[in-house]
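Have a look at this one.
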Amino acid sequence: MPPLPIPAAAPLSWYLTLSAVLFALGVAGFLFRRNIITVFMSIELMLNAVNLTFITFSYRLKQVDGHIFSFFVMVVAAAEAAVGLAIILTVFKNRQTLEIDELNSLKN
Amino acid sequence: MNFFILAIIKAAVVAFILLTALAYLQWLERKVLAHIQLRVGPRRVGPHGLLQPLADVVKLITKEDMVPSHVNKVFYLLAPFIAVMFALIPIAVIPFGTDLTIPAITVGGVTIGPIHTAMELTDLNIGVLFILGISGLGVYGVALAGWASNNKYSLLGGLRSSAQMISYELPMALALATPLLALNSLSFRTIVNSQSGFIWGFIPRWTIFQGPFPFMFTAFLLFLIAAFAETNRVPFDLPEAENELVAGFHTEYGSMKFAAFFMAEYCNMVTVSCVATLLFLGGWHPLFPAQYGSNFLPPLIFVGGALLSFMHAASPARPFDKFTLPVVGVVSLGLAGIFLIPQLSALLLPLFWFCAKALTVLFVYIWIRGTLPRFRYDQLMHFAWTFLFPAAVVNLFLVGLWVALT
Amino acid sequence: MDALLFMIFAAVAVVCGLNLVLQTHPISSALSLVGVMAALAALYLLLGGEFIAAAQLVVYAGAIMVLFIFVIMLLNAGTEHKALKGSWAKYAGVPLLVALLGMVAYLVQRMSPPTENVVFGEFRKGNPVEIGHALFTTYLLPFEVTSVLILIAILGAIVLARKEIE
Amino acid sequence: MQLWLIPLLPFVGFALNGLLGRRLSKPVVNLIACGSVLLSFLWVLKTLSGLGAFSGGLEEPYREHYFTWIQSGALNISADFAIDRLTSVMLLIVTGIGFLIHVYAVGYMAHEGGYYRFFAYLNLFMFFMLILVLGANFLLLFIGWEGVGLCSYLLIGFYFLEKFATDAANKAFIVNRIGDFGFSLAVFLVVIHFGSLDFATVFDKVKAMPVETSAGWITAIALLLLVGATGKSAQIPLYVWLPDAMAGPTPVSALIHAATMVTAGVYMVARSSQIFLHAYGALTVVALVGLATAFFAATIGLTQFDIKKVYAYSTVSQLGYMFLGLGTGAFSAGIFHVMTHAFFKALLFLGAGSVIHACGGEQDMRKMGGLRKYAPITMWTLACATLAIAGVPGLSGAASKDLILESAYEFAPWMYWVGVFTAGMTAFYVTRAFCMTFFGEYRGADGHGSAEGHGPAAAHDDHGQAAHVDDPHGHGGHGHGTPHESPSVMWIPLAILALLSLGGGFINVPKFLEPIFPLHEGESAAWLEYVASAAGLLGIALGYVCYVVAPAIPASIASTFSGPYRWIYNKYFVDELYDSAVVQPTIDGSRSLLWRAIDAAGIDGLVNGTGETARGIGGILKHLQSGLIRSYAAWVVVGSILLIAYAGFLGGAK
């Protein structure tokens, strides 16, 4: 089988760049989407990107701490999801909408 | 590239055996249920309905593959695939027996081997975690199916099942963690190897017999219960409660897609029984030591089976079995012979024990289905959160205490 | 080989991420997010984070996202219609993000030389043993605190989502 | 030895009563209040016996270190409690008398509103007083000092719906602030010059220094301490608050303004005796202040008709005696007098309270009289106190007063003579008060008590502070036409105190205090005592004659010397003097300068200007808060871009 025309191993910077891309995608989702649940998911996407960075650096520094941190990020994300979704449910119960643009009673 | 070829071959073999096993598992279930209910079960197609699974498959494939108009196409089609995929993946990390060594064979100048490989697709050193993760993903299939088919019964079924699976995943994970605590590894192979040997020379050193007696056994029971719920089996089969939810999440599914869900379910059953066997029942280690002749148990069983079938064939009361039963007898005699070949026996004995244990667990599945009624939904959740979960936590805590103290 | 795997999974991740942003239906977004997570789990494995990969699958994909889908189904959230009034952020957002991305990418390239590669299996500390050890010795206090946090979150969720009792 | 338990117990009582008192029933409140103080008293006894204070032990101070409180540079202040013989005397006085007065108050306050509040304050006072006594450095002393000031303020203003009560409270508080100002200055000076506040270290350093004959730092410290003491112990010129402080309930007057708190100044001076002994001038000033206070207060006491006022001035004058003793170097005598005075003065006040109680809230002696058939026990106990303070030989008052007078004689004979004369006056006016109260006919209107006390009291018995809207003398007596004896819970403490004030003189405090204050030899001539006692007896006789035998005499005297009489009767117009000399200028100055110029123009202008500026900036910035989440996110992105640009390109990260 002929050797593949790609480097044997991926440089570290690729991982970091990937996480940057994902993070930017998350931000984009946060900026452009109007469904509050989707916005919430974009936040989760950002968290994941950050986790990837953690893991990558923990690989580079040959320390396990990065993993621990991303583990904590996961835990916090879980708690956040639980509470956030509960809030979304309540909001929907009271306002019958999920459009964040319509949830602007704080303004003015 | 030897590795890839080997992997592909193994994958093919495992997949073939597994799928066949699934088909026949259904046949087995129908038979056993029938006998539990004093029926005879399928026996039209082939002797004793042995060809029934084939017939079913043919029927399902040839059925019209219709897609209801009101469904969400993408997910409607995606759901069964997801279900099957996540049902099949876990098999990859399950070892079926000890290492397999094939001496070098030369066929027409092409030399193959010698091949030395483990009898599993891959030995992940976090196999248990892997299985947990994948089975966690299995929810999506059901949930999506329920949602996509845009039908209130299906939606209810989907919601129920996703809630139920999430709820029962916790106790299952905790029950799984209990033996891990004692065996102190996450790789199935290591776990099984650490269960070899016998206590006082005759009690097998399986996990359920290890430690302070009741705890591991409790963990086993908890795992079994939670697994029943995970696989949506009776008495926890609310997502597909035929009579209240008109078959729940796969109401709108026909033909092969419907079959896919069933495959997924039975595959999950197999996975769970394998995991139970590996973690609790000592994997491929025999029930009693070799010096008491455990190596000769399989041949004896097969020979006995052969004699039995010959006897029945001889009896005039069973005219239909004149030809089939002798065939069965001959086959089993052959099997017994194979088991007596020393080179092969080293390989086949573990396999035999493993399959025997897994089949026992599967039989329990069917047995329960034939015995117990279905839970009500609130009872189900109540049971999960107020009994199963605390029990698992307490059990895990006690075992942890014991491990810490010794 | 590693690079190939990386490319595959990175591609999956990016495509799914794009999908998450572009799809109009929450369910599609949710599923693409699950895809991202699965791909990331694979990448974690490449980076030697066995435990974290499994945790990613179990916690994120297996629990959190199911919760999302659950809620989406419960609210039966439909596709979102076009924005009635767009805020300036929508128009300023793209260039901003491009700038951000470009800068980060440039800096990353500049800071970490392309010669240092990620070789699978070179980092062996990611296994459950190490993680557990670190978690229960160095990071014991944060660990316990997170448990309390989760407890609070559970209570909060229950209080928020329960039916109003008249 | 767990010294911390001593102050903690009353504090617990305070916490319980203060927080839950409103919901607790009166018996529970009583139990908590009195019980905590009793426990603390018992603990004091246990501690002292454990330290062998009663068996000649405790020569050296016993000290407990709890934690380092303030640690800044060289200054290291730690929360320590120390207990030596001086402290133990004070401890016994405070907790013992305190307990008796608590018990008394149970009866006296039975019909008052704000019951739990009263006892909470009392307990808080005990707490601070014990801190004051136990503290092993100036800072703890100061804390206790301020704390008791606070409690005295709260308790004087206990009937805070009454104008006069609140005014009196404010007066006491402000006047005390003046003294405390001096005290804190003294503390600062101590820090500056000795680099520590710990009693032991400071006094050792002082001991090492030579005695200052001319003015010096030590003198300055001593004088400033004296200022503080004059404030707290109501000496000239800061005594004016004490007579008004009688607006508080009588047990408060007895406990705080007679027995314990006002003696804090004496304690403080005695505690820092080393400093005073090294500042000869300051010591003389102490003596002079004490003597003057004793004399003038006594003269004022001659003319007052409000029974509590009389005793208040007598308190001031007795405190003057104590300072005379301290100033003339007889510290032990001063402390001895503190103790005996605590006995008989507390008794006097409680007796007065009982009398007031008997008359249903009346405090004017002209409306009393002839109570001996209505309140015999009160009379006899009060008689004991009167004889004791009058200095009848053998009783407690005489023992300590004679010691003070002897040392005064050694210091300067004329001081002795003034002191003797004052003693005579003291004997006279206490006898006067006693006779006006108990002899003759009852001059109070019948039903008077019920008219004024009973209605509101019954109406307001148990809801809070409202009980005193229309009862200016602050005692919602339970109505009765004719006077009557007080309940046993009130007279039993009286009896105990009577015994103490009779026999208290035989407790040889100076001997006990010898390790701290060496007894000055120089055998005093016996005639000194005889003269003093003679003066006392003479005063008693005169009083009896003037107010029982021939009641016309005082009136005629007053009319003949009408000028001086009015002068004295109006307390030398000191209040008016202070008012015109200090208060009014202050008020005017504050109104014109501080308020109009500085506050209104300067500070308000500044503040408003700030507000305006902030509003202006906010007006610009408010556009950032569009209420659209995603615009916030966009801002975050912008910020992160800037940060990364800074870190990455402007050389943050290399």
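The letters A, B, C and D name the chains in turn, as written, and every chain counts its residues from 1.
Basically, a residue touches a chain if its C-beta (ideal position, glycine included) is under 8 Å from a C-beta of that chain, and two chains touch if they have at least 3 such contacts.
Keep in mind the model is a prediction, meaning the values are calculated, not measured.
S.K.: Going by the average position of its CA atoms, which chain sits the greatest distance from chain A?
M.R.: Taking each chain's C-alpha mean as its centre, the farthest from chain A is D.
S.K.: Averaging over Cα atoms per chain, report the distance between chain B and chain C in Å.
M.R.: Measuring from centre to centre gives 32 Å for this pair.
S.K.: Between chain C and chain D, what distance separates the C-alpha centroids? Give it in angstrom.
M.R.: Each chain reduced to its C-alpha mean, chain C and chain D end up 70 Å apart.
S.K.: How many Å are there between the centre of chain A and the centre of chain B, using C-alpha atoms for each centre?
M.R.: 36
S.K.: Can you work out the whole-Å distance between the CA centroids of chain B and chain D?
M.R.: The computed centroid separation for chain B versus chain D comes out at 88 Å.
S.K.: Residue numbers in chain B touching 2 or more other chains?
M.R.: Expected reply: no residues.
S.K.: Chain C: which residues touch two or more other chains?
M.R.: Chain C, residues with two or more chain partners: 51, 56, 63, 67, 74, 89-90, 93, 97, 100, 104.
S.K.: Which residues does chain A have that touch at least 2 chains other than itself?
M.R.: 27, 31-32, 101
S.K.: Run through the chains and report each pair that touches.
M.R.: A-C, A-D, B-C, C-D
S.K.: Please output the residues of chain C touching chain D within their complex, sorted ascending.
M.R.: Per the stated touch rule, the residues are 87-90, 92-93, 96-97, 99-100, 103-104, 106-107, 110-111.
S.K.: Give the list of chain D residues in touch with chain C in this complex.
M.R.: Those residues of chain D that touch chain C are 626, 628, 630-631, 633-634, 637-638, 640-641, 644-645, 648, 653.
S.K.: Of all residues in chain A, which touch chain D in the complex?
M.R.: 27, 30-32, 39, 100-101, 104, 106-108
S.K.: Hey, which residues of chain C end up touching chain A in the complex?
M.R.: 1-4, 6-7, 10, 13-14, 17-18, 20-21, 26, 29-30, 33, 36-37, 40, 43-44, 46-49, 51-52, 55-56, 59-60, 63-64, 67-68, 71-72, 74-75, 77, 80, 83-85, 89-90, 93-94, 97, 100-101, 104-105, 108-109, 112, 114-120, 122-123, 125-126, 130-131, 134-135, 138-139, 142, 146, 149-150, 152-154, 156-158, 160-161
S.K.: Please name which positions on chain A make contact with chain C in the complex.
M.R.: 4, 6-18, 20-22, 24-29, 31-35, 37-38, 40-42, 44-45, 48, 51-52, 55-56, 58-60, 62-65, 67-68, 70-72, 74-83, 85-90, 92, 98-99, 101
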